[in-house]
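So, here come the structures, one by one.
Both complexes below contain chain A, partnered by chain B and then by chain C.
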Partner chain A sequence: MAETTRTKRHFRWTTGLIIGIALMSVMILIGLLAPLFLSEAAEKLTANASQGPSSAHWLGTDDFGRDVLARSLVATRLTLVMTAATTAISVVGGVLIGTFIWLAPPRIRNAVLRVIDAAVAYPSLIFALLIAAILGQGAWSAVLAIAIASIPAFARLTANMAASISQRNYVSTARLLGVPGPRIITRHLLPNMAEPLLVLTATVFATTLIELSSLSFIGLGVQNPEYDFGRLLNEALVNIYSQPLQAVMPSIMITIAGLSAMLIGDGLAAATDPRGGRKFGSVKAASELPASMRADREALVEVDNLTVLTPNGVPLVKGVSLSIHAGEVVGLVGESGSGKSLTAMSIAGLLPEELTVRAHSMRLGELDLLKKNDPRTLATSIGLVYQDPGTSFNPALRIGSQLTEVSRIHLKQSGKTSFTRMVKALADIRITQPELRMKQHPHELSGGMLQRAMIASTLVTDPRLIIADEPTTALDVTVQADVLRQFRTINREMGTAMLFISHDIGVVQALCDKVIVMNGGKILERLTGAQLAAGDVKHPYTKALLAATPSIAERKTELVAVRAEDFTFDEITDDALGPVQAGTVQPETERLQP
Partner chain B sequence: MTSTAMSAAPVLEVRDLEVTFGSGQAAAKVLKGVSATIERGKTLGIVGESGSGKSTLAKAIVGLNPVSSGSIWVNGADVSRMTSGQRRAMRREVQMIPQDPYSSLNPRRTIGQTLAEAIDPVKSNPRAHREKISYWLSTIRLDADVAERYPHEFSGGQRQRIAIARALAVGPKLIIADEITSALDLSVQAEILNLISRLRTELDLTMAFISHDLDVVHHVSDGIMVLFHGEVVELGDVDSVYGNPKHPYTRKLIDSVPGGPGFDIGERRAAVA
Partner chain C sequence: MTEPTMLNRESALFSNPPGATKGPRGGLRNLSPWAGYGLRRTGGVLLSVILLVVVTFFMVPLIPGDPAVAVAGADATTEQIEAIRESLGLNQPLHLQFLQYVGNLFTGNLGESFAYSTSVSSIIATKLPFTAELALLGIIVTLLLSIPAGMVVGILTRGGRRKWLDVSFGMLTGFFQAVPQYVIATMLVVVFAIVLKVLPAAGAATLTSLILPVVGLSIAPICSIARVVRRETSTVLEQDYLRTARGWRLPPLRLYARHALPNLMTTTLTLAGLILAGMLGGAIIIENVFNWPGLGKEIVTAIVNKDYPVIQGIILVLGFLAIILNLLVDVILGIIDPRTLGGGKSHG
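Our next item is the complex of A and B:
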């Protein structure tokens, strides 16, 4: 169950975010306090015009004898207020237009989207200049101009997000429930867009600041006697040779304000990305304990006391020992969270790096799987077949180049040799027109054909072991039957050992010689395929799983609802039935119609 | 199975339904003359592989796919010929339980808010509907206090139960369950199938149960419809279809179920030690 109940995401404070918020707080504080205390120094005309830096005026004075530092600090308030207002208008306007586009009938939606596309393609600053020229000079016309110019980008982004969220099931369900459109927006769309919109808002704040300052700088924005950073730069330009310091402070302030907004935006983006913040633990650390007696020296694959730990030390696989003999098909069956895939991927050496793998021993033939092995040896000794053939192929490349990759890179075969071998392998597993298939792209083949091609490609390197992780789960039932037969034939004809992972008891019992039942990171029972098929099982968990499986063979009046966490006790072997108590299975009392 | 007296029209009647996507040369006929009926209180299992048109059929019934020809009658009214206004009024008659319990609940709304929206789509204040919410929660065997909690606090099986409660709370005439157990673990699947079985008798549900899993359909359905490339190849009582399939495709489908009586891995396996 650990996989299904996701824990609430923790907010991650990054250094960038903290610095951004600190800088922004300082700016806001300056904006609040400077006009209260420094207005006089900043605005009173004095006789000390155009002075250099002194103890009275740290950055000197301007043409009218006003303190440059004080003016820069006081200008913070107007700049921040204007930027905030602009951002607010463009965000609100953009979100409104963006969501209502989504509500509109398709024809209007497409027309409006094209208009917005055109507006986005036009440089927003030039667009803003145009609007400012029409509205006339002044602080608030600059605000409006920039706000209107940045609305299209925001509207398009919102429309795109709304389009993707509206594909989610809860939105289509809400429509079926008869929820009116505007309420779908407020209840279902907006709350789920909040995070990216917030991040974008911070970014827009930064760009708006630059654009407003630019307008004021070229004289279209804030007019005398008001002043913002842009206006100060405009005044400083005249004296850039005589009073260069006059331009320095507003520039620094613009940079700090923009930087802090950007840092906050990036920090928020990182904090809301659930994939971020991975911690990396140690790679394989072999335990120093002596090899236990359970290990089977004769076997092809031998895993002795395998443990897989998360970076926090939580065990996911708790001491699993298994062996696979040459020519044997071993099934690992269990539900999600049982550790079956982790066990298999440890053998293949393909676990995520943050997981720690420990074992007394783990080997494939003479190959010690606990050591760092030559990738070539690994790639040619173990063949892997994944669950979803649709995603394990790169859609942009031809089938042929993907299937022959291992032979070309690891076996150093020429392109031609590997091609002919692969064609033969495809023909061997009865794929029609193998030469044509090699030249096709993945989307041109059906799922079953892709999966068979994947199996064929693992065979050309003549691996000693094939690990198949739910290889038929994504396939249709008739195709699944074909692929299972294929596995069986390969195993019988080539004697390749297989480790076959599945949640489907029917699949495992049909294919596997031996079946290992896993739950909660432990092995609960070892059976032969025939035993499982006959229902000859001992462990209550296995019994419960069988009872929970609906079957076409018999119509069960009631399925037993298993709760995996009820079965915490250990593996039972044939001789020892001791520690297992009966009665842990809790059948629900609901029944079918009698 | 059981024979109840049928006085009224069937809850669902689909007549010669055709659905075509695209037009001209690129037109793809996805449903080619599908006919079926579901009587009150019965469950029709719809099985088929990918591309068979089973999801298209479900969407056509709830009105998400346009009908090219033929008709769909819900409770005696032809929904395929309705104006959009009539259609909107009829919308709540047919409800669909979606496949994926992880994307079917809005992560930002509490379970109470979600259910309240199903009870009243406009005035969906959970406090105003507290009694009904706890009634539906008790129907799916969850405590009334879960109404305050958010979807991420629940397991896949619990979420699927909540999605079922949401569909039931609308009070629909017909429920369409589209692959509702295929995203779930075996044990959770059993929990959901048991719930469905219980609700079928307790609430006299009328249901179309769509699945690719023949075992599951066998467990919950009264009748069964086998779709293949947009055509009904077999339609009948569950026991007769499974016990004595008439169409070779149905036979192949049933024999492909691993662990089923007809499945053959290619060689009748000699016992391996």
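Our next item is the complex of A and C:
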């Protein structure tokens, strides 16, 4: 909501928006015309009181012999006028407060925001009742009551939007240049908030319509002889047993008015926030695909002619075949969008469901990965490590309960056993205070620590394959080295096969026995780790990748060099900057030592 | 009643301005998260209470013209007006009036009703249980129905599946949000009390007379919260940590109940606090439809009678209930998701 569009987009006319505008136009037309032609029938007292439906009075008459239908139609004008006035007052008031507090000194701004926050917590109807009690009953005091009661919420929203805009560069620039405050508001803040404000205004219209008529309904709004929808329904409630029809028409009218305002609001919101629909597909073994020559029956993992299609049939992975032997580390390299992660996630069986997976065969040991497998077998045979440890842990749950989830659910270990085992596993990878960590929440741990814990957790089930999808990308360079070292140790000591995905060819060459280079959903080149290390590559794309990526060793020297400079030369005068950088890097370097 | 159609508004209310609450535990580093949280929330609650007291106090002085004349009515004698002026304390300077008002509040003295010549506290004591019963049941029904319904729809429509369910869910909930509660309630009366004659139309005499008011009160909030839950569910289902949980091949119930639910509850409850507090306003309307002898019915009568002490008392009580409700939501939030303890989403 707070985001405003930077690029001009085409206005999208949704069905809801069109229906909403059409209904609202009809309402406005009724509001304009009905009082001109139907006032007589609606307001003149006749002797035909409380009649049922007839050809003269389609919905019957009320206590005083007035036509129910005519009254419902004539009431449209007052209802709409009152709602429009209320909306206008609360929008103008809210926008004024919401924008002008950004010109006030921070202390005043925070104080006002706090008061607004406190006010927003109360149901606005309670405030409206209070104001109605002060001003007395009547149409215009109801308008003021609802308008004033809605101002805090609208001011809060405007303040939120203004906050995000006032932090943009052009606003700070304008401030630095000494552009006067009101001008910043009219030139920068308001134009950039126009779209969301319009949506909000439509929504506020819908709520004030309901609230105003509620006030009239409980007898505190519009008073006799005036009438709006709420007042009509209030009168109808008295006669609800004898004349239930009297309640129907005002109900329909208010519902249509409310619905159309809401449809317009939703439609405007959709018009400014387009989102496409998606379909989902299924996993299929496509026998029409030719068997690949490269498939390897001896291997632990065998993927033969894997294709991944979008719901529209666009291929994202185009016939990839690969094999991983027991104890082997295979690297999958390519830039983002090359299909490497899709390939890995197809093997793991974790692709988004709308994608279609086809392959001649795809297996892990004797496990056919194209079929639906027993969750326990899958969970214990494939260990998964993801890119960003900051987001791959559930923020609401404690680390311990997450790390031991597979042991407890699939290996049926007791909470205590799995806890002790996990603590030991964490201690093994030199995570300090493992027991404390287990009881903490993810946001309390560093990314490197989380990632190493995740790797450790995959090991407790003794998996046959570990799939690591860019496990070092989100980490600092020094922590990267640490995590890579952990992978290497696991492979050396436990002989676990690994599929290691990275866009960084330097990371891969440090770890992998075999490297597969992918681009555009296809395999471009297959190399051994030794070939890669020796620079013995043929495909120009691989060459480009190699040239573009400094190796880890190079990067480490780079880092050391930069730091060495910091200490040898005294050219850096900014004292604040130096120690902070050193402080953030140093703990990580300590971990590198052993 | 007050907040139903405003999902956009509510979500936006809680999307904090960037940079406004950065550095979660800054400044309160030495305290435990709950202690720091308690400190901050106490400040917020105090501010809310002060606002409530100030606003209710100014109700009488702000009455246009001479409040005493307004209260006494047009045909009152000078003596009557003077008596009312005396009883309202209007002869004193404003700041003394305020001190008197606050002092009385501390001793639990809310004044005397003009209309009934009984103490306001005793009126509230007899009416509050009815409103509390209605609101509490409504809130329970709302939470019990809206969260599972929203989650189930969110799960069934994940990744764009079952478009028809998505569309019909959106239309149905949208419709009930757009229809005012009193219209829904009136239609409930027409259908169940008049046409079908299965439930009483009004009063609080029997247990069955609770059904229609509770349904009328809950439908709109159920739809509002179910929409929030549905949207949050689809967002949470796309998160990385859910992919992690799927990678652990957890059984569906465990995946959704243990891994998805706590996370979607954060936003849901933040918004639900407003919606649930809004149900207090809704109760006022519903009480008037069903002739329910609670605070809502009483305050409307009091406003018509210009019975200011009663109005003040009821608004204070409803306001306190709203504060308590918000506080409760925040505490539950803190338990479910300790990150909220650091600030950010807390409000009020």
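Throughout what follows, the second predicted complex is superposed on the first by the 373 of 594 C-alpha atoms of A that agree within 3 Å, B and C clash if a C-alpha of one lies under 4 Å from a C-alpha of the other, contacts with A are read in each partner's own complex, and residues count from 1 in each chain.
Here is the rule we use: a contact is a pair of C-beta atoms (placed from the backbone, for glycine too) under 8 Å apart; a residue touches a chain by one contact, two chains touch by 3 or more.
The shown structure was predicted, so the numbers you read here are calculated from the model rather than taken from an experiment.
S.K.: For A:S172, is the partner it touches chain B (first), chain C (second), both, or none of the two (neither)?
M.R.: After superposition on chain A, A:S172 lies in contact with chain B alone.
S.K.: By residue count, which of the two partners contacts chain A more extensively, chain B or chain C?
M.R.: When the residues of chain A touched by each partner are counted, C comes out ahead.
S.K.: Using the touch definition from the top, say if A:G506 reaches chain B (first), chain C (second), both or neither.
M.R.: first
S.K.: With the two structures laid over each other on chain A, which partner does A:V320 touch: chain B (first), chain C (second), both, or neither?
M.R.: In the superposition, A:V320 contacts neither chain B nor chain C.
S.K.: Quick check for you: in the superposed arrangement, does A:L545 touch first (chain B), second (chain C), both or neither?
M.R.: Only chain B is touched by A:L545; chain C is not.
S.K.: Answer with first, second, both or neither: which of chain B and chain C does A:S164 touch in the superposed model?
M.R.: Second partner only.
S.K.: Overlap the chain B and chain C contact sets on chain A and report the shared residues.
M.R.: Chain A residues touching both partners: 1.
S.K.: Which residues, counting only chain C, touch chain A once they are in their complex?
M.R.: Those residues of chain C that touch chain A are 1-6, 8-9, 11-13, 15-20, 44, 47-48, 51-52, 55-56, 59, 62-64, 70, 158-161, 163, 174-175, 177-183, 186-187, 189-190, 194-195, 201, 239-251, 254, 258-259, 262-263, 266, 273-274, 277-282, 284-285, 288-289, 299-300, 302-304, 306, 308, 311, 315, 318-319, 322-323, 326, 336-339, 347-348.
S.K.: Considering the complex alone, what residue numbers of chain B touch chain A?
M.R.: On the chain B side, the touching residues are 1-2, 49-50, 62, 64, 88, 91-92, 94-96, 98-100, 103-109, 113-114, 117-118, 121-122, 124, 152-157, 163, 166, 170, 185-187, 189-191, 193-195, 197-198, 200-201, 212-216, 218-219, 239, 242, 252-261, 263, 265-267, 269, 271-273.
S.K.: Quick check on the complex: what are the chain A residues that touch chain C?
M.R.: So the residues of chain A in touch with chain C come to 1-2, 114-115, 117-127, 129-130, 132-137, 153, 156-157, 159-164, 167, 196, 199-200, 203-204, 206-207, 210-211, 213-214, 217-220, 230, 233, 236-237, 240-241, 244, 247-248, 251, 254-255, 258-259, 261-262, 265-266, 269, 277-280, 348, 350, 352-354, 375-376, 378-379, 382, 384, 386-388, 391-397, 402, 405-406, 409-410, 441, 443.
S.K.: What part of chain A is in contact with chain B in the complex they form?
M.R.: Against chain B, chain A makes touches at 1, 4-6, 8, 168-170, 172-180, 183, 187-188, 191-192, 194, 335-336, 447, 476-481, 484-485, 488-489, 492, 503-507, 509-511, 513, 528-530, 533, 544-545, 548-553, 555-556, 558-564, 588, 590-593.
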